[in-house]
Amino acid sequence: MERSLTLTPDPLDEPALVATRRMTGDMGAAVYFSGVVRGSEDGQPISAIEYECFRPMAEHQFHQLFDELEHRWPVESLRLVHRLGVVKVNESSLWVEVIAPHRGEAFAACQWLIDEMKRVVPIWKKPVV
Amino acid sequence: MERSLTLTPDPLDEPALVATRRMTGDMGAAVYFSGVVRGSEDGQPISAIEYECFRPMAEHQFHQLFDELEHRWPVESLRLVHRLGVVKVNESSLWVEVIAPHRGEAFAACQWLIDEMKRVVPIWKKPVV
Amino acid sequence: MTIRIQFWSYFKDLTGCTQASEELPFGSTIGDLLQHLHARFPKLIAMQNSTLIAVGVEYQARDYVLKDGDEVSLFPPVQGG
Amino acid sequence: MTIRIQFWSYFKDLTGCTQASEELPFGSTIGDLLQHLHARFPKLIAMQNSTLIAVGVEYQARDYVLKDGDEVSLFPPVQGG
């Protein structure tokens, strides 16, 4: 499985990421998730979210998840970008691409990865008012 | 719910579509599906798939599905593009964007829409060898 | 009354045509129309359990009562995406 | 032996520091370390049921036996995405 993990303070350029998609002729499905900062947190308006990351552990935990994902589903390629630092409302903090032969496995793998990420990858949010 | 339906013989420019995404500050999730023509059909190599469409009925059935989707999930925006005519291997035939407050509903709505589309929207495939 | 029929996908190959029309007595149903079409295009008979039928842009069942000028579409299972 | 501790997210606010170290007898577990830390930083006590603990880059349970030089991280539930 091709894999790409980026933890970066830079804004996510999603059109550019989509433009660099690579998939072989055996693949029929590409599923994308963009997580975007919402304008309120617990009912209070916010202007941004600050993401803190324990980077060596986050990278290790992400790659453990990628290993497990690769065993569970026939995914050809996985790319994940998580933005760190201050991310303004309406900007993306997370972008995931999963490429697989069929849509069922691409959707399942993508959702599983995000659920697991939110369970084990050491990244924390702090609302900015 | 904002909705956009395009049935077109033109190649899908996915980066351009992503670049025109619009979502308000209450939305936290954008889910995308790209369906791509695979290089084989029933085990035989193919070069393309030709899509035939009964257009007035397809548009009507799509909008009935959009109506139902809007009742089931709090989706803010839905865009769907289906390519018609000859689509070469490795090119996209279908692109869907679902924007919702949270990822659970965005994923559910996107998958439901594709499943239902394959049940009721009058579009047919013919492999091109 | 006159009913126009459109064939889609490989139903065009099975019938050898894209459109046809049938004269039917008032009160005829889609089921009655299918009997006429099966007599005229016997290759449709093997497909009858999976055949989808629309009148205009809506799916209809075999017991739908046809009206003069109805446009009926016959096609195999759809496969978009 | 010397154990270094890193605090993350609002655990830094609760303890007032990002890092600390503890001297513990050989054979001490993470559970033993937590007892020392709770005495030193009482605000962590209320968090103990949801506290996540890693040694290096791996999660470990309370019965993990610490080794000299281990780097322990304490943090609240993660919230990426």
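Labels for the chains are A, B, C and D, by order of writing; each one numbers its residues from 1.
Just so it is clear, contacts are C-beta pairs under 8 Å (C-beta built on N, C-alpha and C of every residue); 3 or more make two chains touch, one makes a residue touch a chain.
Computed from a predicted structure; not experimentally measured.
S.K.: What are the chains that chain B and chain D both touch?
M.R.: For chain B paired with chain D, the chains in contact with each are A, in label order.
S.K.: Hey, what chains does chain B share as contacts with chain C?
M.R.: The shared contacts of chain B and chain C amount to nothing, since no chain touches both.
S.K.: If you average the CA atoms of chain A and of chain B, how far apart do the two points sit, in angstrom?
M.R.: Taking the average C-alpha coordinate of chain A and of chain B, the gap between them is 22 Å.
S.K.: Averaging over Cα atoms per chain, report the distance between chain A and chain D in Å.
M.R.: Centre separation, chain A to chain D: 28 Å.
S.K.: Counting only Cα atoms for the centres, state how far chain C is from chain D in Å.
M.R.: 72
S.K.: Let me have the rounded angstrom distance from the C-alpha centre of chain A over to the C-alpha centre of chain C, please.
M.R.: Spacing between the chain centres: roughly 48 Å.
S.K.: Find every residue in chain C that makes contact with two or more other chains and list them.
M.R.: none
S.K.: Provide the list of chain A residues touching at least two other chains, using ranges where the numbers run on.
M.R.: Residues 35, 114 of chain A touch two or more partner chains.
S.K.: For each chain, which other chains does it touch, given as pairs?
M.R.: Here the touching pairs of chains are A-B, A-D, B-C.
S.K.: Show which residues of chain B lie in contact with chain C when the two form their complex.
M.R.: 35, 51-54, 56-61, 82, 93-94, 114, 117-126
S.K.: Which residues of chain C touch chain B in the complex?
M.R.: Touching chain B: residues 6, 8-10, 52, 54, 56-59, 73, 75-76, 78-81 of chain C.
S.K.: Using the touch rule from the top, collect the residues of chain B that touch chain A in their complex.
M.R.: 14-16, 18-19, 21, 23-40, 89-90, 101, 103, 106-107, 110-111, 114
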